[in-house]
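Shared between the two complexes below is subunit A, which pairs with subunit B and subunit C, respectively.
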Partner chain A sequence: MDSSALRTKILDLAVAAGDGSVTAAELAGAGYSLRDVGYSSLSYMRLIDSIENEIGVYLDPEADIEHYETIDSVTALVIASGTGADA
Partner chain B sequence: MNTVLPDVFTEVLARHGDRVAVTDADGSLGYAALADRARAAADTLARHEVPGERLRVGLYAANSTDYVVGYLAALFAGAVPFLADSAFGPFELSRIAEDCGLDLLVHAPGADVRAVVDRAPGDAGGIGALGVSRVRRYDAPRPRLLDDTEVCRFTSGSTGRPNCIEFSGAAVSAAAANWAKGTGLTAGDRIACFAALSNGLAFNTSLLAAFLPGASLHLSQGLPTASRVVRLLEGTAATRLVAFPALYESIVRRAPKEGFATVRAAISSGAPLRETVREEFTRLTGVPIHNYYGVAEAGPLTYAPDGSGSGLGPPLPGVRLLAEEQGIRVRSESMGSRYLNAPGVFEERLDGEGYYRTGDQGHLVDGVLHLTGRTSRLVNVGGRKIDPIEIADVLRAAPGVLDAVAFEAENQHGEPALAAVVAVGAGVTAQSLRTHCAATLPSFKVPGILRLVDRIPANSIGKPSVERLRRLLGEPRND
Partner chain C sequence: MTTVERRTLALDRARAGTGPATWGQRAIWGVVTRLGDDAPRYNLRLDLPLAPPRPASRVLADLTELLRMHDSLHTRLLPDGGDGLEQVVDGGGELPVEVRACSAAEAPKVGGALMEELAGRPFDHAREWPFRVGLVECGGLVHRLVLAASHTAMDLWGEGRMLRDLRLIESGESAGALLLARPALQPLEAAELQASPLGRRRDEAARRYWCERLAAGPRRILPGPAAPDRAAADPDRRFPNALLRSPALAVAVERVARRLGVSDAAVLLGAASHRLARMSGSRDVLFQVVVSNRFQPAAAESVSTMAQEAVFLLTDADRDFEDAVRRTRSVSFGAFRHAGYDKWALDREVARLVGRGEAADHSYWWNDTRDPADGPFDTVERPRSPLGELLGRTELTWPTEFLPRANVSMAVDVLTAPGALELAMTADPAVLTREGMERFLRGVEESVVAEAVARGDG
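Let's turn to the complex of A and B:
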């Protein structure tokens, strides 16, 4: 999966992990900031679980929370974790 | 003044000597080392003593060995620790500091404490990695503590003012002793605790209860996802897991194949655990989930020793529980005394015999408690209770908002969530409302489900119709 496809995949997972009120369009309007759309800690837990399940990357949520604030920073974290993208 | 907890802790810390008391990702403290660290930290706190007054020390931090040291240090210094949820935002923190007259705040070095601290954070010293800061002086006189109050904890109040519950040392000690006895805690137990120590679940099951028999307490920071849990369980060979339902949901989602070999009991509380999650967790791990029912104001009340079925178990030792048509009432040895910052409110919930009206409804079947609902309006999201009136008031104050209603609704995962339907004028977006909420509310109080409408649907007498509001959430969006 290249980094663009990975980012799209993570965006889909982030919308699915939310409470149901946050759409992809809304995330785009917020500069893809999960924090700015009020992503809750329960939503973050669901997102991390689904990334581990569907992309096969183990994320350590002890890492600084800044890594989880936007779709782009989560994508970068997944890539840095060693798999999920080949470009 | 005769305090109870300093003597209880002094005795248990001495009795269990070199056993492991508490660990986190950064290290481990034996009982003797914990006593030494707490005594040294108590000296740091005691330097700020106010003549003729007991120091009021706010603990505003996530779980860590330093947190436990700070808690014990406050007790050993003759101070009163106030255990505040580290998820509280600046507004709640300032309300607590002013309402309760805090003198000092113990906090993480990066925590935003500007709302209550005027000087450089950490100006009053440190406890391990945690900073100790002097709290701003407020003009209003602070309320007097009851003579026998030794610990204060918080519960959801209304309009953003958490109610501060005063506990006597005897009540805190009884809560821990009855929990240890009622659940069979032993020196061989290793407790992996993923609930915040400021919360009743962890405070009652872990903070003192673990130390009474000489068990060890294992703490973790950050989001308690399944992978983290497995890592801590494997690293500590934990025998007990203490967590909120959200963590059991995570474990079921991830379906780990290993990690639970040493765990004998998992304890869930704070919010209802779905039966499907309970069954699947036990099928995956072989570990039973034991329900526990507790109320912030009355301590731990029941425990389900067999770990099967939806019952919450029989009352713990020291608890008298009545489940009647008008709701559940309790009297316990672990009862709080009153709300420090809401005179008369706690007392109003006591009946003539001293039973506390919990606001929950349920019944006893063969001595086992089953909950059926709540008489209170509070919404329970992941173990945190939220007053929907407070949220609606905050939304109504946003520019362009005509009206707002907040209520509990199921999210797309079938879990309870905080929802709000907001009638708005032109130019208002969901994003602008979230930003408005986040400016005054902690993140867990920002509605996860937000729907913008032209007009709030009302019933025939003009009141918002929750049934129609819930139905509205299932319809396609046009905002």
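Let's turn to the complex of A and C:
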């Protein structure tokens, strides 16, 4: 999976983990900032869970909060934590 | 006059199967089995008035549908004598139903007595389903439905889901339609996930996380130099139970959460950690935090026992309220992420740490029982008074005392009440006096309210 496909996958997982609280359009409107759309703690827990289940990467839940602020920073964290992203 | 009758609820062609018990089932089965005759204190109790009253045949048909929906209600647990525990989901069988007939005026009293009768004796998990049913009939209609369940069948979150599903079934929904709309993770499915390579990896990671925090945490939190002597000299000492009911806390916690960008649960746990650190002089504090383990949607719908304890270690908790709350958020993520594990295996590892004198004090418990779907201002109007004035409406009562509890210095439950938040606290009097308990509870409230006021939300 290249980094663009990985980002798309993480965006899909983030919307699903929001369980109806946020749409892809709302995230795009907020510059893909999870913080700005009021992403809940429960949603973060689900997202971390989903990333491990579906991408096979374990993210440190206690990593600095800025790693979890945007779709791009989460994507970067997944790559840094060891995914199959090609670039 | 009350008459006594026994009927049966027949289940057939329900889902069936066998497999290893889940982590949650193993954890709570181990606890209630060790307790023996004292096990009923873990039983869940429901005495539900039916309005309007309904025919018994209808009530039993609805309950049969409920059993069809949730496997845990017709599951037995069989130990193998070693480290194994098997869950057996019976596809058919009969559940005894205790029926009491009386006048409508007597129904509440008869219902209460029936509940104690059903919930007051231990379950034989190898031979019976972990669910008991009683009906209080008046003039041929059921006025009260009385349910008792073993904790092996469900935790408090599961009980909430069961009640919701029973109401939906009563309104005409079928088990099949409800499960189609909202799949609920069944215990056999959960056990399969836990036994997979991913599940085993998570179990190992969770136990490693636990042991690392226990090794790093404070050996004693509240100093209580006389505690071991008092505990030994007075093994029957009663543990007081304090209940703080605070409208101010309900309002302030929402405001602080919004301002700091964290959950209100993090605000409360952070405030408790900060207050405990300040009171005890221990900069680091450690709580065992009860976690629902219901993060994924199917798990959230599950009627079973999934809740387990996370180990929450907050360093430098005494430093600053805001800092403690902000770090509680990220530390909670880590702790909650590692709250699913094989408890029997963890207990062995913790015992080794304790034996070597390398384990932190892990006798402080935190259980935020609130359901995010039920807020304190759902049914009552949000107060408009300033927080300082609301503080004057706080009530502190001492409802009861408990028998001594092993490895409990302090246990706090967070509850939602109409128009208020409640903190229900139990503490070992050998560690903390009643005055100390009050100081802690009011301190948590004051910290949160002061933060809200300081941020201009007075």
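To be clear about the criterion, the second predicted complex is superposed on the first by the 85 of 87 C-alpha atoms of A that agree within 3 Å, B and C clash if a C-alpha of one lies under 4 Å from a C-alpha of the other, contacts with A are read in each partner's own complex, and residues count from 1 in each chain.
Definition applied: contacts are C-beta pairs under 8 Å (C-beta built on N, C-alpha and C of every residue); 3 or more make two chains touch, one makes a residue touch a chain.
Values in this document were obtained by computation on a predicted structure and should not be read as measured data.
By the document's definition of touching, neither partner reaches A:Ala28: not subunit B, not subunit C.
After superposition on the shared chain, subunit A has more residues touched by B, the comparison being subunit B against subunit C.
In the superposed model, A:Asp60 makes contact with both subunit B and subunit C.
By the touch criterion stated above, A:Tyr44 is placed in contact with subunit B and with subunit C alike. Within the superposed three-chain model, A:Asp19 lies in touch with subunit B and with subunit C [touch as defined at top].
Contacts of subunit A with subunit B, set against its contacts with subunit C after fitting on chain A, overlap at residues 19, 40-42, 44-46, 48-50, 52-53, 58, 60-62. Within the complex formed with subunit B, the subunit A residues making contact are 16, 18-21, 23, 26, 29-30, 36-38, 40-46, 48-50, 52-53, 58-62.
The touching residues of subunit C, counted against subunit A in their complex, run 198, 205, 261-263, 265-266, 295-297, 329-334, 336-337, 372. For subunit A in complex with subunit C, the residues that touch the partner chain are 19, 35, 40-42, 44-46, 48-50, 52-53, 58, 60-65. Note for the complex: subunit B touches subunit A at residues 25, 87, 221-228, 246-247, 249-250, 253-254, 381-382, 411-413, 415, 417, 419, 429-431, 434-435, 437-438, 443-444, 446-451, 473, 477.
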